[in-house]
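By written order: A, B, C, D and E. Residues from 1 in each chain.
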Amino acid sequence: MLKIENLTKMFGGLAAVNDVSVEFEANKVNAIIGPNGAGKSTFFNLVAGTHKPTSGRIILDGEDITPLRCDYIAQRGVGRTFQTTNLFEQASVLDNLIVGHRLRTKSGLWDVLINSKRLQAEEKACREKAREALNFVGLSHVENQFIADITQEERKRVAFALALATDPKIVLLDEPAAGVNPEETEGLADLMRKMVQHGLTVCLIEHKMDMIMGIADKIMVLDHGEKIAEGTPKEVRENPVVIEAYLGSDEDVAA
Amino acid sequence: MLQLKNVDVCYGSFKALNNISLSVDTGELVVLLGANGAGKSTLFNTISGLNKPVAGSIEFEGKRIGGLKPSAVVSSGIVQCAEGRKLFPQMTVMQNLMMGAYVHRRDKAGNKKYLDEVLELYPILKEKEHQPAGSLSGGQQQMVAIGRALMSRPRLLMLDEPSLGLAPLVVRQMFETIQKINSLGTTVLLAEQNAFAALKIATRAYVMENGQLVMEGDRETMLGNEQVRKAYIGA
Amino acid sequence: MLFKLGSLLLHPAFKYALIVLALLFPLFASNEYQVYVMASAFVWAIAVYGLNIITGFCGQLNLAHGGFFALGAYTLGLLSADYGWSFWPAFVAALLFTAFLGFLVGVVSLRLKEHYFAIFTLCVGFIIYLLLDKWEELTHGPIGVRDIAAPNGFGLVDFTQTVPFYYLVLAFLVFAMWFMGKLSRSLLGRTFVAIRNGDELAQSLGINLMRNKTLAFVLSTTYAGMAGALYAGMIRFIGPEDANVQHTFDMITYLLVGGIGTISGPLLGTVGIVWITQSLQFLEEYRMIIFGPLLVILVIFFPRGFVGSFLTWMHRESQKQAAPSKKKESRVSTGKGVENNA
Amino acid sequence: ESTVNIGFTGPLSGGAALYGENTLSGLRMAADEINADGGFDINGETYKVNIISLDDRYSPAQAATNAKRLKQESNVPAVFVPHSGGIFALQDFNEQDDFLIMAYTSVPTVTEKGNSMTLRIPPTFDGYVKAFTDYALEHEGKKLGMGGATHEYAKIWSSMIEKAWTSKGGEVVANNPMDYNKSADFYTGVSRIVASEPDVMFVGGASEPTGLVVQQARQLGFQGGFIVMDQAKIDEVAEVAGGLDMMNGAIGVVPLSVYETDAAKNFITRYEDKYGKTPGSEAAFNYLALHGLVKAMDMAETTEPKKIRATMNEAMSKLDPSKNPYEVTEVTEKGGFVTDTTLAVVEDGKIVQKEIENQ
Amino acid sequence: MNLFFQNIVNGLTLGSIYGLVALGLTLVYGILHIPNFAHGALYMVGAFMSYFLMVDLGAHYWVAMAGSAVIVAGLAVLCERLVFHPLRHSPPIHDKIAAIGILLFLEAVIQMFWGSDFRRMSSPFTGIMNFDGLIIPEQRALIIVGALVLVVALQLFLRKTMTGATIIAMAQNREGAFLVGIDANRVAMMTFAISGVLAAFAATLYAPINLVYPAMGHIVIMKAFVIIILGGMGSIPGAIVGGMIIGFAEAFGGFYISTSYKDIIAFGLLVLILSVRPQGLFAKGAH
C-alpha cells in the first residue's frame, strides 16, 4: 500500500528522518512510536507532502508520489489530522466539514456565476459526504452547533470526519488521543478499528501505549530519525532496544 | 494551606467552574483528575490569578488571594507550571531558569542555591545550559519548565498535565521527580489525565467534571473506586 | 421578543424588502444630494465587497485594495479621455485590466504570510499611487484626468443625472452582492474560508492554495476595478490622490464595522459610516476628534461588526430555543457536588 | 432680514489643512466685515452673508459631494474651491446645478475650457513666468537648475518655466523636482542640483518647505539666485531659510507685506488683528473675491448665479479699494480676475519691488 | 568624490531617523504583536511637544526633548491601556483599525491647538562643519550620533537589565511571563513608553532640519513599516539595518537616478527583497 524507501529529511545539519524504509499494509493499523523529537511528525509531513524529502522515495499503491505537492497527494488518497486542528469557530460543524470533499469536485468560478447543474450536484454531494463522515464518527447530533460550543473530544472527532470526507485510502493521525481521557481514548480506538473495517488504512502516532498495543497491527519505532525497530506489538514491546530508548522497564507506568 | 470556597468562574456566559470548594494541606500531593474541558486548567489559572473568579473566595496561608494579579500570586508562593510549558524559546536554558527567579531577583545568593538544587534534580540541564530552550526535546523542555517553576521558590507548586505528549520513559521520570520534589517539602497540586500514575504518588485526589468537583478521597479510596478506575484509568 | 424581530431580519423576504427600499430611496430623499451620497456609498460598497472576498473569506489582509480601485478608475478615465473610448468598452477594459494586474500582484504577494502580506500589499498600493503620480506621460501625473466619459444610456436615460446614475450603481451593487452571496455558499467560497482557517489544514484537504488564493485575489481586484470605474464615471475627474492609502483604510473600516466575512456587513458598514462622516461635517476640522474614538469604541465593543455580532447572537439564541439545556452526564457520580467540609 | 449662504469646500483636515484654513480665513473675514456693516441689500431687503464650510480633505470626489450638499441643502449661489481637482470635478455639473465656482487656482485650464459659471480668482501664472525668466537671464546667468515641487500646480509652472528659459537661450542644467509636501528631506535633491553648478535655481511649493530647500542649497554652497514660484511668498520663505540674507538674488511675486498700497497695508493690519498672523495671498484673494461677489449680488439685486456672473466684471471695477488688496480691476470674458503682474527681487537682504520691463 | 561622501552623510542622516522611528515600531510589534499604525502620530506629537516646550515655554533644546519624551511616553501608555489592552485577544486587523482611530484623533487634537501651519523649530546646533568640501551641518551630525547612542542604550537595557529581560521574556511567551510573576501590564506599558520615547527623540532630533506640522508622520511611518518588514518584524538590528538600507537607497537613488523616483526606489526595493526573501532579511525563522 504505502512503501517508503530510504527516506531522509535534513533540517540544516539535523537529520530529522534518517534513511527510513518501511512498508505499510493496506487495511491495517500501522503505528509509529518513538521519543519526543524522534521525527514522527516529520515523517508524516513527508508522506503527506508538506515537506519535501532530502532523499528517498514514497510510493503509494505503486505510484511514486515523492515529487507531488501536498494537495495532489491528498487527491491521491492521503488524508491526515494534525496535533492541533484549527477549525472555524464561528461556524457550524457541518459547514466546517463540507469543504472536506472539495477535492473530489470540479466546479469553479464560472459554475458559481451561472449556478450550473454541476455545482448544484457537487454541493449536494459534498453535503452528503459531510453528513456521512459525521455519522461515521458518531457526531450527527452536533451537526448544527458552532465549533466553539463543542467539547475537546468532539473536536477531535470532527477533525477525523474532515479527513474522512476527502475519501482517503490512507489516513495519517498525529497523536489523536493526546489529552483525551481513557474512556474517550477507547472510543477513539474503536473509531479507528471501524475505519479499518471500512477498508481504510490507518497510520497512527501515539504515546499511549495501552491504546497502541491494543489496536496496532504493526508498529515502527523511530529514534533520532532512525528506524530502530519494527514488528507486531508483542515483538516491539519485548525489544530491548525499544525498552531502552522509549518504553522504560517499568510496565506499570507505561500502561 | 490553600482553600477554595464556592468559587465560580465564567468565560462570557459559559460557566467553566461551578461552586468549587477544595483544600490542599501543607506537604500534601493532591491530584486533580478530570476529562478534557472539565475545567482543570481553568481552576489552576484562577488560582494563579490569570482568571478572575466571579464568586467565592480563595485563601492561601490564611491570606485572600482571589482576584490578585498573577505576579502577586507568584510572590505569595504559588507557582504554576502550565500546560504546554510556556518557555521562552529563544532564551537559553539558564536564562529561562533565571527568569523563574524573577520575583526574587534581589536575592542573588538565594537564587544561586535554588539553581544548584534544580540542576541537581535535572543534571541534563547543566549540560544544555547555553542552548536555546526551544531546541530541546519535549521531555527536556518539560524539565526546564518545572525547574523554572522551582526557581520561583514555590510553597505550593501546581503542575498542569506535565506528562502531556511525552514518551512513556520520560513520563515515568517525570512522576519520579514530582514525588521527589514533594518529598523535599514542596506542596504539590497536580492535574493529570494519566490517572493511574498520578494516583500512585498522590496523597489525596479530587475528580472534576463539567466544572464541578464530583468526588474526593485519598489514594486508596480512589484507586479502589470502580467508577474512577473505569473512567480515568481504563480497563 | 428580540429574537423574533431578529429572525424577521434573517427571513429571505427581507432582502427583497431592502431592494424595494433602495429602489424607492430617491423618492424619499429630501434632495438630490442625499441620492448622490447614497450612490457614492454604493460605489464604495462594491469595492468593500471585493475586500470582503480576499480579507473576509480568504483571510488575507490586502492593503493594496485602494490602489486597484484607482487602477480601475484610471483605466476607464485614460481610455475614455485620451483614447476616445466610450464608457462601456472602457468599463470592460477596466475590469479586465484590474483582473490581470491582480493576477500578477497576487502571484508574487500571496506567497507571503500574515503581516508580511499586509505590509507588502501596503507597499504595492503605495507603488501604484507613486506610479499614477509620477508616470506623467501616461497618467497626466498630479494634474489628473479630466473629461472622462459618463456611462452612455443609449438614448434612454441620462446617466450624468444623479438619480439615473443611482439606479445604475444600485444595479451593479445588487449584482455584486448577489454574486458574493452565491459565492459564499458555494464550494468555492467554502474553499476560501478553509484557507483562512489555516494553510496546512487546507492543503491536507487537497486544496491548491496558490490557485485559490490567487482566484480570490483576482476576484477582489476585479470588484475594486469595477467600483473604481463606476467612480470615474460618477466624478468624471480623477487624480493620483484617489489611490491614497487612506482609501484602503477607509474600506477596511467599513468592512470591520459592518461585519467582516458577512454578506450584508460591507453594505451596512459602508452606508453607515459614509452617513456618519457626512453628518459630522458640521464639526469641520474637529470631526476626527469624534470619529477617531468612535472607531476605537466600535472595534472594541463590536469586534465582529454589527452584522457578525448579530448573527452570532441569533445563532446562540436559536440553539437555546431548540435545545433548552443539554446536561452532560457524569461519569463517576450522579452529578451532585462533593460535600466538601475541609 | 435674510441670509445668503456662500459655500466653501476645501481641505480642513489632513496634509493640506493649513492651506484650506488660510483660504477660509479670508472668506470669514470678508463675511464678518460685510455683516458688521449691516449686510447688503437686494431690492430693499437686507441680506447677511453666511459662510458654510465643508471639509473635503483635498479629494475631488468629496468636493463634488460637498458642492451637491451646499447647493441642495443651503441653496448657495457660489462655492469657493481652492484646489484644481475639486474645481474640475465641480465643473462637471455646476452649470446644470446652477451655482458659481469661485476657483482659487492659477492653473490656466480652469477658465480655458469654457465653463460659463467659473470665476478664477488669482491671475494665471503665464505673466510671472515670462517676467521672472527675463529678469533672471539678464541679471543672474544662463544656467538654470530646476528644483520645483511635484504637485499639479508646480508641475505646470515648471514646464512653462523650462520652455520659456530654453526658448530665450538659457540652459537647463538639472531638472530634479521634489515632493515638497511629503518629503522627509531635501538634502539629496538639492545637492544633486547644486552639483550641476547652476546660476539660478527654480524653487517653490508651499512657502515653508521652499524655505528649507533654499536653506539647504545655501548650506551646500550654492551662491546664485532663485526663481521662486508664486505659491511661495518670499517673506515667508525667508523666515524658514534663516533670513532674507540667505535669499539674495531671489525673484518672486511681491509679497502682500511689501505692497505699498494703502489697501494692502490696511488689509494686513486688519487681518493681523483678527487672526494674529500675517495673511498670505490665499487669504487676501479670497477675501477680495467674496467682497466682489457680494458687491455683484448687491448690484444685480439678485442671488441668481447667472446674473451674478454677468455683473461680476462691473462689480470688481467698482469695488471699494480697501476691500481689494490686490487691486483687481476687471474680470475677463472667460471668468479670470485681472491684476497687474508684479515682480520682487531680494537685494542686499531686502525685498525690492521691480517694474516689469515690457518686451 | 566629495559628492559620494556627501551622499553617505545624507543616507546616514535619513537612515538614522527612519531607524529610530522603526525601532519603536518593531519593539511594540515584536513584544505585543501590534502593528501600531498610530506610531507616526506619536512621532508627530513628539515634535509638537518639543516645539511647544521650546518655542512657547522657552525651554532649552535638551529640556524640551526630555519633556517631550515624557509626554509622548505617557500618551503611548495611555493608548496601550485604553485601546490596545482591551483588544489584546482580537484578531490583528482590529488593532490596525483602532490604531487608525488613534491616529485620526491625535492629528485632529494637535490641529485644534496648533492649527495645521508648518512650524519651524530651531536647535542650538546651527553650525556647519565643512571637511574640505564635505558639508555636515551640526544638527545632522547630532542625528547620526544620537541614533547610535540610543540604539546602543536600548540594546544594553534589553540585554543587561532585569527589566529588559522581562520585556524579552514577554516577547517570547506572554503566558510564560505571567507564570514567573512578571507583571504583564507593566511590561506592555513599558514597551509602549519606550516606543514613545524613541518616537519623541527621533522627532526632536529631526525637527530642527525639517518642519513641524500635523501630517508630518505619514510618510515616515510608511517607511518605518517598510523598514521593519525588510529587517524582519520584531528584530532590533533589523530595524537599524533596514533604516540604513532605505536611507541609503533614497540618498543614492535620489542623487544618481532621480529625486522624484526615490520613493519608488525605496518601495520597489522592498518588493524585490520580499519576493526573494519572504521573511525579510533578519527574521528568526518562521513563526
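Operating definition for what follows: a residue touches a chain if its C-beta (ideal position, glycine included) is under 8 Å from a C-beta of that chain, and two chains touch if they have at least 3 such contacts.
Quick caveat, the model's predicted, so the values are computed rather than measured.
Asks: Compare the CA centroid of chain E with every other chain's and tell me the farthest one.
Replies: Taking each chain's C-alpha mean as its centre, the farthest from chain E is A.
Asks: Centre-to-centre on C-alpha atoms, which chain is most distant from chain B?
Replies: Here the answer is chain D, farthest from chain B.
Asks: How many Å are there between the centre of chain A and the centre of chain C, using C-alpha atoms for each centre?
Replies: Centre separation, chain A to chain C: 38 Å.
Asks: Report, in whole Å, the distance between the mean C-alpha point of chain A and the mean C-alpha point of chain E.
Replies: Going by mean C-alpha positions, chain A sits 47 Å from chain E.
Asks: Between chain A and chain B, what distance separates the C-alpha centroids? Give it in angstrom.
Replies: Going by mean C-alpha positions, chain A sits 32 Å from chain B.
Asks: Hey, what residues on chain C touch two or more of the other chains?
Replies: Within chain C, residues 134, 285, 287-288, 328, 331 contact more than one other chain.
Asks: In chain E, what residues contact two or more other chains?
Replies: Counting only residues that touch two or more other chains, chain E contributes 107-108, 111, 260, 263.
Asks: Which chain B residues reach two or more other chains?
Replies: Where chain B meets two or more other chains at a single residue, that happens at 35, 230-231.
Asks: Would you pull the chain A residues touching chain B in the complex into a rising list?
Replies: 34-37, 151-153, 175, 178-186, 207, 209-210, 245-248, 250, 252-255
Asks: Of all residues in chain A, which touch chain C in the complex?
Replies: Spelled out, the residues of chain A in touch with chain C are 48, 50, 69-72, 74-75, 79-80, 82, 85-88, 90-91, 95, 98-100, 102-103, 105, 107-109, 111-113, 115, 119, 122-123, 126, 144-146, 149, 151, 162-163, 166, 183.
Asks: Under the definition above, what is the set of chain E residues touching chain C in their complex?
Replies: These residues of chain E touch chain C: 29, 35, 82-83, 86-87, 90-94, 96-98, 100-109, 111-112, 222, 225-226, 229, 233, 260-261, 263-264, 267-268, 270-271, 274-275, 278-280.
Asks: In their complex, what parts of chain B are in touch with chain E?
Replies: 48, 50, 69-71, 73-75, 79-82, 85-91, 95, 98-100, 102-103, 105, 148-149, 151-152
Asks: With touch defined as at the start, can you tell me which chain B residues reach chain A in the complex?
Replies: 34-37, 137-139, 161, 164-172, 175, 193, 195-197, 200, 230-234
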